[in-house]
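Below you'll find the structures, each written out as structure tokens.
Heads up, the next two complexes both have chain A, just with different partners, chain B and then chain C.
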Partner chain A sequence: MGHDLALLMPEIAVLLTAVGVLIAEMLRRPRISLSIAAAGLLVATGLTVPLLGTETNVFGGSFRIDALSIWAKLILLPATVLSLLLARNDVGGTAREGTVYSLMCLATFGALVLAGAGDVMFLVLGTLLTSLATFALVAYPDDDSATEAAMKFFVFGSVAGAVMIFGLSYWFGATGSTLLADLARTDAVPLAAILGLVAVVVGLGYKASLVPFHFWAPDAYEGAPLSIAAYLSVVPKIGALFALTQVVSDVPANSGWPAVMAGLAVLSMTYGYLAALVQDNVVRLLAYSSIAQSGYFLLGIVAVGSSELALPSIILFAAAYAAMNLGAFAVVALTGRILSDFNGLGRTRVLMGIAMVIFLLSLVGIPPLAGFVGKFLLFAAAIDVQFTWLAVVAIANSVLSLAVYLRIVVPMYRRGERASAAPHTWPSIVVMITFAATFIIGLAAQFFLAGLVR
Partner chain B sequence: MNEVALPIVFPLLAAVAILVLRRMAPALALGGAMFSLAVSLRLLGRVADGRLETLLLPGLPDMPLRLTAEPLTALLTVVIATVGTFVLIHSVGYMKRESGLPRFYAVMSLFLAAMQALVLAGDWILLLAAWELIGLCSYLLIGFWFQRPGAANAASRAFLYTRSADLGLYIAVFILIGSAGTSEIAATLNVGGNVAVAAGLLLLLAAMGKSAQVPLQDWLMGAMAGPTPVSALLHSATLVAAGAILLIRVTPLLAPEVLLAIGLAGGITTVAAGVIALAERDLKRLLAASTASQYGLMLIAVGAGVPLAALLHLVVHAAIKSALFLAAGDFQHARGGTGFDGLESVGRVRPWTFAGFALAALALTGIPPLSGFFSKDMVIAAALSAPGAAWLAPLALAGTLLTGAYLARALRLLWRGAGGARPVAGAVWMNVGIWGLVIPAAGLGLVFAPIEALLGLPAPEAEGTAAVLLGLLAAVGGLALGWLVPARHLLGPIHPWAQSGLTVAGGLTALVGRPAMAVSRGCERLEDRLYATALRVGRRGLTIARGCERLERSLYGVVLGAGRANLAMAHLVRVGDERRIDGLIFALVAGVRAWGGRARALQSGLIHHSLAISAVVTALMLVILILASLSF
Partner chain C sequence: MLPLVSITLFLPLAGAVLILCLPRPTARTVHGIGIGTAVLTLAGALAMWLEGVSGADFSQVDELEWIPVIGAAYRVGVDGISLPLVLLSAVMFLVAFIFASSLRERPRAYVVLILLLETTAIGTFTALDALLFYVFFEVSLVSMYFMIAGWGHEDRQRAALMFFLYTLLGSLPLLLAILGLYLGSPEPSFDMRAWIADPPLSGAAAMWALIAMLITFAVKIPAVPLHTWLPAAHVQAPTVGSVILAGIMLKFGTYGLIRFALQMTPEAFREAGMVILVFGVVSALYGAFAALAQTDLKRLVAYTSINHMGYVIVGVAVAALTLDPSVRAVALDGAVLQMFSHGLVTGALFFLVGMIQERAHSREMGAFGGLLKTVPLLGWSFILAAFASLGLPGLAHFPAEFQIFLSTLGSVPAAVVVVLGIAIIAGTFLKAIRETFLGEPRQRWHAMPDLSTRELLAVAPLLVLTVATGVAPSWVLDVIHRTTSSLVL
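Up next, the complex of A and B:
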């Protein structure tokens, strides 16, 4: 038991951080609560590093300490810290500012629970933890659009959660166990296996905003403070996708799940980019783009269990996606939410223009940026398990994505109009960090992968 | 430090230095290119005896990035560095009065570095990365004057066209790595079988995009929106050459049926692009169409199984075409445009430039003893001796004839008529650049023998005299036709169609771009309609809510009345009852009001709608999985 707790030190640190932030908030010390949150999460990241390479589980197999859950901490905790810095820009000075930081820590805790889930109860627990915290975060501004967004998010989340719990009961009925590792036993009762799988796809697909469970996302991103939108597009999403990876690695292959994942991937990528093509609101555009990017993750998930490339590709793309997406949102935070706010940005604020172009090109997947390496590995993983057609569709969508992202780039360098971007300290720091990460992940893929592939 | 990387490193350093220092940009870029030329020559000397020089860099696990220098690739680095150096010398004069010079020279240097990396790449992943980088650099360079109308569009168009064709390269690379188990190019070329056929066709698609082969030729003419030195660099030895270089390097992979496809693609392009060139009304666009046509000839040679002929023509064409473009840039400065209407008799007022232009044009046509004669002779000989000679030889000869015709037409239009010229700033720099390229363009034929010996590739089986005679006949005939007969008479009824670029049904843009936009607009309309429906449902909900509220109010009245009627009841009971019911009903009324207001704000129906869609797809998944499990 003591050994189990030692392995869970990072998670415990995150929880303590959330509590510490709340205490500081009770004392009405928002600056201190921000520092506690950032420091606590970084300490948790540091505590994770010695675990690298561990492959075990705790609490009788119900929570896994493996590559997925360890890398989830290494990616999501720094991503949360960056989101906190962005949030400071949005909610700094408002009442109950510290609550926001605390809720973000709790939602991240939920995402970490999801990423290491070895038991269906942890799936439910993780989904609920992230959902409850993020509902409140979306509604925080307390104006009409935020309330509307939060209500939609809430209704959608409740239905998806209910469906998931209902379906999971079939798995329990079929196997007599809540452990994911026992799912192999569902071989005998294919119908129950299928019902449970579909339910999990609904529940986690909603968190990961996969088409057709994505409807809440554009509204929620638009209504929520920008920092929360950035946070939603990275942390809960990656948590849910990692959880999906944990689940399918135990589902018997003959249930046909790879085909369903491939179908969802095609839907998400294509619908996401097509819808993004007609948006004039940059936040909605990025929301649809993040829906499409979720589809790319599924290329790696399709290969889980059959290809060695599956896990490295998912983890590497998660790191790349976190960096470039947070970066793009940070630039939006400095510039404005409407496409026309970007007119002439590249000419007035040269460095920020370059940063935005780099983030968007990385989202397209141009070498030597992070997005290229990630997508390259995902394509290779899909082709490795005979899903060549899926890789072709994904590559075709990359071409489409270029048109989407050029819609932001082209006005940035148009002559005549001048965008005025207000210089704010925190988002600028986020832009710098993510900019560096986008390059480093792309160039140092070798060393990242050395820790993943043995 | 292994020397293989040096041709890449110097231009790259130059690009970084320009971006950091933001001054002395021309000198830095020129220095980078010259050093690159020097180390390329040294590299060529080191590998001249057929040795391989390899450098391994860390890359993906088990797939290191690899730079390989062999005689073929070393020769190409020399060509690229030479053209790059002279184009940059010319740019010093051409760009003298422009702003944004650091950006221009930095991207030019980066482009050179990427192109050298593409040529030296010894594994598919590095090649893919370099391939994408030159695409990106060409986007930046073509769009250099992004503030001018059309330039940004032309750049995006070039990028999207070539990137769509890159799809072929991506899939081919995956197939090759997948079946050979390694990413080393040399090791993947002997896979054989259906894999080789599929990969070969996909590589052809990628090469057709980059080398502007029909039907993907449209972007090349539009790409003339960039500065002229950019055109000279992109359309001679670099961007466009990447496609032909790719095919030359993978020749051992290509199956006979793929070879025939390549030859036919090249043959059709050489004729179609030649016809387009004949009808062009703009000097730079004529040269662009001519580029596509000449790369068609190279593809014919590859298709005939004689990559040596393709390579020699590529080298010769690189020098000639960059010289022609640089001369066009000089004319452009003299008259302020490149339309033939404004260029009448410009040759008489700028005789040195015109002499260089004419010499290069004659060389490209294939007049002995200029270099083009030898390379074109070899291409025609290759076509005559190929298995598909019945197709390839007539196409190659027609291409040669058209080359003569459109170049003679250009010469005539530049010589005849009347008109003055403006003084040209930086003319000395430009003339050095032009003549530095014209001299190799004229004389390269003399060094063919050592190059052949160096590469050790087979020459075409001799049908010497026939090829020489036919080729010469076609070239001279073309020149005579072009000089004597106006294009309108020469082309007859297809003249207007050729002027519009021989586009079929509006070109690729109309065939692919518009439907895609239509689908996406359809999606938007669908969303709009969903939204409207949702709004309607929401309003109806609101009406019901109001009705409920009214009902509650009357209930309240009834209850209140009842309460009054019961005044006679016991005091304690009455007070207790009324308060409790009051509270309950006030709460209900307030709640309904609040929810009505919120329903308006929420368009709650939208959620139901989207949930319905989610439910339908979930049901579909269930059905598919159940059907799948039944079939197991």
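Up next, the complex of A and C:
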């Protein structure tokens, strides 16, 4: 037990951080609460590093310490810190800003629980934890649009969560165990396996905003403070996708889950980009783009268990996605939410323009940026398990995505128009960090892949 | 020994970084750094040329680990096929910088983009790692997109978008082919040398990979029917963009056709050889006829590019179809020399058309007449370049096209119908010369100035090399032949 707790030090640190932030907030010290949050999460990141390479589990197999859960911490904790900096820009000076930081820490804790889930109870716990915290975060501004967004999010999330719990009961009935590792036993009862899987896909698909469980995402992103939208598009999403990876690695292949994942991937990528093509609101555009990007993750998930490229591709793309997506949102925070706010940005603020172009090209998957290496490995993983057609569809969608992202780039370099981007310290720092990361993850992919591929 | 290839490859990038680091540089400084870097890069390319190539294998190889777990590495080197193209790039970019040195509209970004393009061009020709090749191949697209979108003519946004979407759509199949070759190779590696020495795919898989690669390279070359982006992009691109696009970037396609399609899936290429040959013939003839129908000088030159690149496809297809190694060597010699010549000649033509446009703000042949009397230097330069383009003996295209036709006659006599293209192109250029430069000078162009020193410095090197390659092609052919004669397919 003591050993188990030692392995969970990072998670415990995150939880303590959340509590510490809340205490500082009760003392009405918002600056201190922000410092505690950032420092605590960075400490938790530091505590994770020595665990690299560990493959074990705790609490009788119900929580896993493996590549997925360790990298989830290394990716999501820094991503949360960056979101905190963005949030400072949005909610700084409002009445209860400390609660925002605390809720973000708790939601991240939930995402980490999801990413390491080895037991269906942890799946439920993680989903509820992230959901409850993020409902409140979306509603924080307390105006009409935020309330409406939070309401939609809440109704959708509750139904999806209930469906998931209901479906998971089939798995428990078939195997007599809540451990994911025992799912192999559903071999004999394929119907129960399928029903449970569908339920999990509903629950996690909603968190990851996969089509057709995505309806809440554009509205929630639009209504929420920008930093919360950025946060939602990265942290809970990656947590849910990692959880999905954990689940399918134990579901017997004869249930046909790879085909289901491939179908969802096609739907998400295609619908996401087609819908993004007609948006005039940059936040909604990025929301639909993040729906499509979730679809790309599924290319790697399809290959889980059959190709050794599957895990590295998912993890690398998660890191790349976190960097480039947060970067793009940070530029939006500095510029404005409407497409026309970007007119002439590349001419007035040259460096910020370059940064935005790099983030968007990385989202398309242009080499040598992070997004390219991630997508490249995802394609390789899919082809490796004979899903070449899926890689072809993904590639066709990459072209579509170029049209989507160029809708932001083109006005940025239009002649004779001047965008005014307000210089704010915190988002600018986020832009710089994510900009560097977008290059480094692309060029130094070796660092992420070492130890993952044998 | 110095890693010459890497130095030459990264010099332009270093120049770009230097410009970006300078706080508020003047236009003079920026252009000075651009030209200086291009001179140094040319010196590097010349040093590579003196170092030479050994024959069957790649020479001057530099290798460095990049992502060892998946077998991707930084690997560069040259052989007789790529070395002339590297030299061509270094020359073309230097004259491009000279020509661009009068630009005052955001010169910093412009020069940085061209320097970036230079690194990607040399990188594409020297990469020996498929992933690295793809990186350079794609980055060139981004730079060219911003060049057309930022400094092009009236309808530049649409043309730039079309160019980017078309060529990205075109290049993604190559990614699939690379993944196929990677997953098919015995040990995970992106080493192109291993794929060439021992093609990893066979049968249907090889054919699919070949089809994917052919789509990519046919868009880039461009071959009919995937050529529609080219005239639009050229018409809207700034002069330097056109020169680089036609002079260098089209060669990415034909170079890839040899390096990837022919060398990595030779069996499938031989099977599909006839089809590819037909595409080459159709491209060459279509390009020629379409050029004949143009009244816009820039579009005319753009269509002649499609014609000339069609000959390259014919040469490569003949090399695959023939069983006689000596005929194959002749065909490939012709194809590679054709790429080199086309860069020089078409580069010069686009410069000259651009100069006419800068003076007259028109490219319509009908608007001119008698220009030879008002601007004799410009006129004679154009006539020389046009004669080279139509394949006059003694000028650069003649030895190349002659070898292509010779080998075609030896193996697939029916395909010699492609020679018709020469006659049509001759007619096209003669018509253009008559309408633009001959006859009585018009009143409104009397004040047109002749070539300035800057313009002369940009065009003259290309014309000198055109004559040198035409009169004594052996200085390039010897290098090319060393590789093509020992090529095993």
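Worth a mention:
Keep this in mind: the second predicted complex is superposed on the first by the 454 of 454 C-alpha atoms of A that agree within 3 Å, B and C clash if a C-alpha of one lies under 4 Å from a C-alpha of the other, contacts with A are read in each partner's own complex, and residues count from 1 in each chain.
Criterion: a residue touches a chain if its C-beta (ideal position, glycine included) is under 8 Å from a C-beta of that chain, and two chains touch if they have at least 3 such contacts.
These figures come from a predicted structure and were not determined experimentally.
When both complexes are overlaid on chain A, chain B and chain C end up clashing with each other. In the superposed model, A:Leu195 makes contact with chain B only, not with chain C. Of the two partner chains placed by superposition, A:Leu5 touches none, neither chain B nor chain C.
Within the superposed three-chain model, A:Tyr413 lies in touch with chain B and with chain C [touch as defined at top]. In the superposed model, A:Val260 lies in contact with chain B only, and not with chain C. Once the two complexes are overlaid on the shared chain, A:Ala436 sits clear of chain B and of chain C alike.
Using the contact criterion defined above for the overlaid structures, shared-chain residue A:Leu402 touches chain B and also reaches chain C.
When the shared chain is aligned, chain B comes close enough to touch A:Leu277, but chain C does not.
With both complexes placed on chain A, chain A has more residues touched by B than by the other of chain B and chain C. Once both structures are placed on chain A, chain A residues 361, 366-368, 372, 376-377, 379-380, 383-384, 388, 391-392, 395-396, 399, 402-403, 406, 410, 413, 445-446, 449-450, 453 are touched by chain B and, in the other complex, by chain C. The touching residues of chain C, when paired with chain A in their complex, are 65-70, 109, 131, 134-135, 138-139, 141-142, 146, 149-150, 157, 161, 164-165, 168-169, 172-173, 175-176, 179-180, 182-183.
Residues 58-61, 125, 128-129, 132-133, 136, 146-147, 152, 156, 159-160, 163-164, 167, 170-171, 174-175, 177-178, 516-517, 519-521, 523-524, 527, 598, 601-604, 606-607, 610-611, 613-614, 616-618, 621-622, 624-626, 628-629, 632 of chain B touch chain A in their complex.
Contacts from chain A toward chain B in the complex involve residues 144, 147-148, 151-152, 155-156, 159-160, 163, 190-191, 193-195, 197-198, 201-202, 212-213, 215-216, 254-257, 259-260, 263, 267, 271, 274-275, 277-278, 361, 366-368, 372, 376-377, 379-380, 383-384, 388, 391-392, 395-396, 399-400, 402-403, 406, 410, 413-415, 445-446, 449-450, 453.
Residues 312, 350, 361, 364, 366-368, 372-373, 376-377, 379-380, 383-384, 388, 391-392, 395-396, 398-399, 402-403, 406, 410, 413, 445-446, 449-450, 452-453 of chain A touch chain C in their complex.
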